[in-house]
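What follows is a pair of complexes built around chain A, which joins chain B in one and chain C in the other.
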Partner chain A sequence: MKSLTRQEWYGALIAVLVLGILLSIASPYFLNSRNLSNILVQASVIALLAGGQTFVILTGGVDLAVGSLTALTGAVAGYMMIKLGINPYLAIGAAFAIGAAVGLFNGYLVAFVGIPSFIVTLGGLTLWRGLAYDATGGYDMSGLPAPFPFIGYGDLFGIIPMPIVVMVVFYVSMSFVLSSTKLGRYVYAIGSNEMGARQVGINVRWYKLGVYVVSGLCCALAAIVLIGRMDSSSGKIAQMFELDAIAAVILGGTSLFGGRGSIIGSLLGAILITMIRNGMNLLEISQFKQMMAIGAVVIIAVWIDVIRRKRLLRK
Partner chain B sequence: MDSQTPVMKIRGLTKHYGGVRALTGANFSLAAGEHAAIVGDNGAGKSTFVRLITGAEQPNSGEILLDAQRVNFASPLDARDQGIETVYQTLALAEDLDVPANIFLGREKVLLKLGPLSILDHKAMREESVSMLATTGVKIQDMSETLRGMSGGQRQCVAIARAAGFAKKLIILDEPTAALGVQETARVEEIIKGLKLRGVPLIIISHNLRQVFELSDRIWVFRQGRIIASVLTSSSNPEQIVGLITGAVNPDDVPGATELIKDIALFH
Partner chain C sequence: MSFKKIAGGMAFAMLTVCMMPNAHAELTIAYITNGNTNEGWTLINGGAKEAGKKAGVKFIELAAEKGELSKQLAIVEDMITRKVDAIAIAPVDSAGISPSVKRALAAGIPVVAIDTNITGVKITSYVATDNIKAANVQGNWASGQVKDGDKVIYVTGDQGQSTGQERKKGFIDALKAKHPHIKVLEVATTWDQTQAQNGVEAVLRANSDVKLIACAWDGGALGAVAAMKGAGIKPGQIKLAGFDGSPGGLDMMKEGWQQANAAQMLAKIGAVGVETAIAAAKKQKVEARIDTGAFLVLPSNVDKFAKDSGVAQFMKMK
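Then we have the complex of A and B:
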C-alpha cells in the first residue's frame, strides 16, 4: 500500500478539507449537517458520471458525451413511463440498455475503427442530445411513478438520502473493480503502455470497448438518480454535465494521459466541484462568475497534471 | 529426449517481402542450457529472424522445431504459450503498475474466474513475484512501487525476471542493454550470467561485441539475409566476428564456422 501522501487523490483530499475550512469561516450556513448532506446529494449525479469517466480516462481516452447520454437515457425512461405508461422497472432496464448500446457504439468506433475518443464522443455530444429531444418529442415529463420518488428523495433507514446510498455503493463496487479485477488492472495497463499491453496478450480492443460500456451504464444510473431528484425528465436535463464529470476526474488526480489515477479521487473531485458551487451560492456569487470559476479550476487542474507528468518523465 | 536434442532447431527459414528477400534458408540450433548470440549489421536479417521465431511474423518456408517437435507460431502469444519468452526492446511493461502486477501482466492469478471481472489473487502473485525475482537475482526494494520510479536497468531486470519465470523452453533478449548506462549494463549482464548457471537456454541479440563475448557460448553471424557462420565463442575473437559481419573474412576460411549450419541442413 502506498503511503497517504503518495496517493494520486491526496491533493483532492487536501483541497476538500481546505475549501471546507475556508467556507466554514466565510459563511455561517456552510458547516451544518443539512448543507453537508445537501452537497453530497448534489454531488451524486456528477460522481456517478465521473466514476464511468474514470475508466475511460485511465485508458487514455475521454468521454465527452456523458451529459447527452444521461439526457437520452433519462428522457427515454421518462417518456416510456409518462407517455406510454410502461412499467418503471422496464423503463429503468431500457435506460441501462440504451446506455450500454451507446457505450458499445462509442467503444467500437474508438477501439476497433480507431477514431480518437475525443471525436467520437464530441459527435455523440450533439448526436445523443438531439436524439433525446427527437425521440421524446421535446416534452417535459413530470410526476414519475415509484420507485423514482424514493430514489430521488427517499432516505435509507429514515436518515441517509438515497442518492448518497447509491453513490457510496457505486464507489465501493467500482473501487473493487479497479483494484482487484482483470478489467481494472488492464485499464491501467492500457493507459500506461497500450502496445506493451498488447504484447503481453491483453485483448486491448475488447477492454477499451468495455470502458465505454461502463461509462454508458454509469450515464443510465446517473439519469435514474437525476430524474428521481427532479421528479421529471426531458431531453434538456444534464446540460454540460460532461464538463463537471471530466473536471471531477482530473481534480481527483487522475491523469488525462491515462494510466495514473484512482476512483476515490473522482469521488473527492465531484464533491470538490459541488462544494465550489455550493460555496459560491452561499456567498452569493453570480452564476456567470461561477461558470468562469469552474472553467478556471478545470484548466488549473489539467495544468497541474501536465507539470506532474513532466516531473515524472524527467525521473 | 536426451540432452543432445537441441531445445530449438531451425531449418531453411525464409521470409521475403514482395521481391525483397529478408531472410533466406536460415539454419540455427540452440543446445540445452546454451546461450547463443545473434550478430550482424543492420539489415542483415536479425530482426526478421527474431520476428519469425517469436511469432510476430510467419515464414514463407522453413521449419522450427522445439524439443524436436515441429511448431508453427500464429502470433507472439502462441510462441509464448509454446515456451518462448521474449524481452522486447520496448519491454512491454506498464510503468504505472507495481512489480507483481507487471510480472503477471496478461496472465494474472485469479481467485474467481468471471471473465473480465475475474478477481485477482494479489497475495499469490506477490509471493510468486518475490521468489521469481530472488531466483533471477533481481533486487527490488519496494515491491509496491510503480515502475515509473525505477531506473531503466531495474525495469530491464524485472522484464528479464518475468521472462525467466515463465519460460518453459527458452528466452530471447532483444538488445537488452542498448538503452542502459555502464553500471546498469553490468547489472543486467550479471542477471544473464545467472540464467546461464541455472541452465536457462537463451538467445541474445546484441550489437555490443564485448557483451557477446562475455555472455554467449556460441555466436551466429548474419550477413545479407543469411546465417553465414556459427562459431564457438571460446574459439573465436572479436576481430574475426567483425570480419565475418562485414564480409572481410570468408566463413569458409574460418575452421568449423559453417559445419553446424551444414549439419542442420543435412540431417533430419
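Then we have the complex of A and C:
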C-alpha cells in the first residue's frame, strides 16, 4: 500500500474519485453508466494527445503544437477522402506519415540543432495550423467514409464505444513501451539527468528525436478518432487542445521538469479534465467561468508539481 | 454528528425541495451557442435569453469554447444526459454537429437550429433569416433608385457559401425584375472588407457613372465607403445599400453614406429559436423552416430601428 501512495498518479486517482463523489451529490444526472461512458468518449482524444505528450514532458521538453498537428493530420486525411476520393486507409496512412514527419522535424530541431522545444513547437502551433488551412483550402469536409463513422461513434460488440476501445488499447501499449523498452527507460534517464544519460552512453539525441515522433504519431491517431467523432474535418478542429493535453499530463503527476511521471497518470488526468467540463455542463456553468476554471486547474496542477519538486530536492 | 442534527438537516433539505416552485412541471431548455461573442451574437443570445425568461422555463445557456466543434459535441451529449426537454443550438459547423444531434433526436429531444442549419439529419426546425427574401427587400429598394440601363455595383459575399450565393441571387433577381437592362458590375469578395474596398476602387476608376452600390454585408459597405472617400465622392452622391443592420451599417446611415439597409432581426432570431424549442418541447407542431424576416432600414426610421432592435447600444452615434 505504501508503494501505491508513492506513485505519481495516486493524486490524480484520488482527485477523480473525490470529484466523482462531489458531482454525484451535486447533479442527479452525473452518476449513470451513460454519462460515465460519455466522459470516457469525450476524454479519448485528449487522452491520446496526452499519451504522446507524456513522452515529451518526461524528457524535459514540451509539445505545444499537438492541437495544430491534430488539425493538420485530420484536415489532410479528410481532404484526401472527400475532395480527392482517395481510399480511407491510405488517408489514415497519410495522417500517420505527416504526424511522423512533423515529429521528425520538431525532434531534429530540438535534439540536433538545440532550439528549445518550447520555441520549436510554439512556432509549430501557428505553422501547422496555417498549413492545415492552406493545404485544404479552408474547406469543411463532411460525411466521412467507413471506417470513420465506426471509429468515431460505433460500438465494439454493440456495447463499448470505439473511442474508448482505441484509448484503452493505446494506453496498454504505451505503458508497455514506457516500462519495458529501451525508449521507455531512456526517456526517464534523459529527463532526470541528461548529462548523466549521455555519459553512460545513451544516444540522447536519437531518443529525444524519438519522443517527438511518438507525439506526432499520437496526434495522427487522435485526429482519426476526432474526425470520426465529428463525421467531418477541417483546418479549424482541435483548437487549444495542447492546453488540455499538457494539463492532463501535469494533473496526472508527471513533472513538468522531466524525469518523473507515469503514462497511467496522464489517462487519469485526461479523465479528470473531461469530468470537470462535463460536471460544469451538467451544473449549467457558463462558458467564461468554464474557461477560468480550466485555466485555474492548470496553474494549480503546476503549482503542486513545483512544491513536490522542491520537497524532492530537499531530500 | 448527532442524530438530532442529521434529522434537522434532512428536514431542512425536504423543506427546501418542497419550496421549489413546481420543480417537476418546469420545462428545461438548453440553448447552446457557437461561442461567438461579437455584437451580432450578443444580440441573438440576448433575444434567446429574454424569450426563455418570458416563457418561465428553466433556461440553460452553454457555449462552445473558442468555437470548437468537439466541445459543442460534448455539450450536446451532456445535455442529452441532463435530459433537457429541448435543445436550441447555433451550430459551430453544419455537418460536424450532426452525429450528436442525431443522438439527441433519437433520445426524443427536439432540436432547433438557430441562424445556421444542420445538414445530414432532419431536425425539428431551423430558424434564421431567409437570405433570398431579405436580399429581395434590398433589391426592390435599389430598383426604385435607378433607371433601366444604369450602372450598379454589387459587392458579393463568398460565392462558395450558400449565404453569399443567396444574397446575390436575391438582390439581382429583384433588381432585374424591374430593370432587365441594368448593368451590374460585380466586386467578388470572400466577406473581406479590404477586397471590397480594392474592388470598388477599381470599378469606380473605370466607371465614373455608377449610380448605386449594394453590398452583401455591412463590412463590404464599409469597404465601399472607404473607396468612395478615396475617390473624392461625397456622401449620398452614389447611393449605397447595406445588408445586416449591423451597428457599423447604421452608423454609416447616420453619417449619410448609406441610404438603405436590409436588416436581419438578430434578437428575433434568438427569441424565435427558443420559443420554437419550447413549443416543440410541449409537443406542439412547429414549422420546419422559420424565416425571421428582414426590415428595410431607411434614414427616416433608423433611430427607431436601432432602439427597438437593441443595435443602438453598439453604435458610435446613438
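Note that the second predicted complex is superposed on the first by the 313 of 315 C-alpha atoms of A that agree within 3 Å, B and C clash if a C-alpha of one lies under 4 Å from a C-alpha of the other, contacts with A are read in each partner's own complex, and residues count from 1 in each chain.
Throughout what follows, a contact is a pair of C-beta atoms (placed from the backbone, for glycine too) under 8 Å apart; a residue touches a chain by one contact, two chains touch by 3 or more.
This one's a predicted model, so the numbers in the text were calculated from it and none came from an experiment.
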Chain B versus chain C as contact partner of A:126, first or second or both or neither: neither
Touched partner set for A:259, first chain B, second chain C, both or neither: first
Which superposed partner A:239 touches (first chain B, second chain C, both, neither): second
First (chain B), second (chain C), both or neither touched by A:193: first
First, second, both or neither for A:87, with chain B first and chain C second: neither
Partner chain in contact with A:173 - chain B first, chain C second, else both or neither: neither
Contact residues of chain A, present in both the chain B and the chain C interface: none
Residue numbers on chain C that touch chain A, as the complex places them: 33, 35, 60-71, 73-75, 77-79, 81-83, 93-99, 119-120
List of chain A residues in touch with chain C within their complex: 29, 32, 34-35, 38, 41-42, 45, 140, 142-143, 152-153, 226, 229-232, 234, 236-240, 274, 277-278, 281-282, 284, 286-287, 290-291
Touch list for chain B against partner chain A, complex: 76-77, 80, 88, 90-97, 101, 105-108, 110, 114-120, 122, 144, 148-149
Complex contact set, residues of chain A against chain B: 1-2, 177, 180-183, 185-186, 188-189, 191-193, 195-197, 199-202, 206-207, 210, 259-260, 312, 315
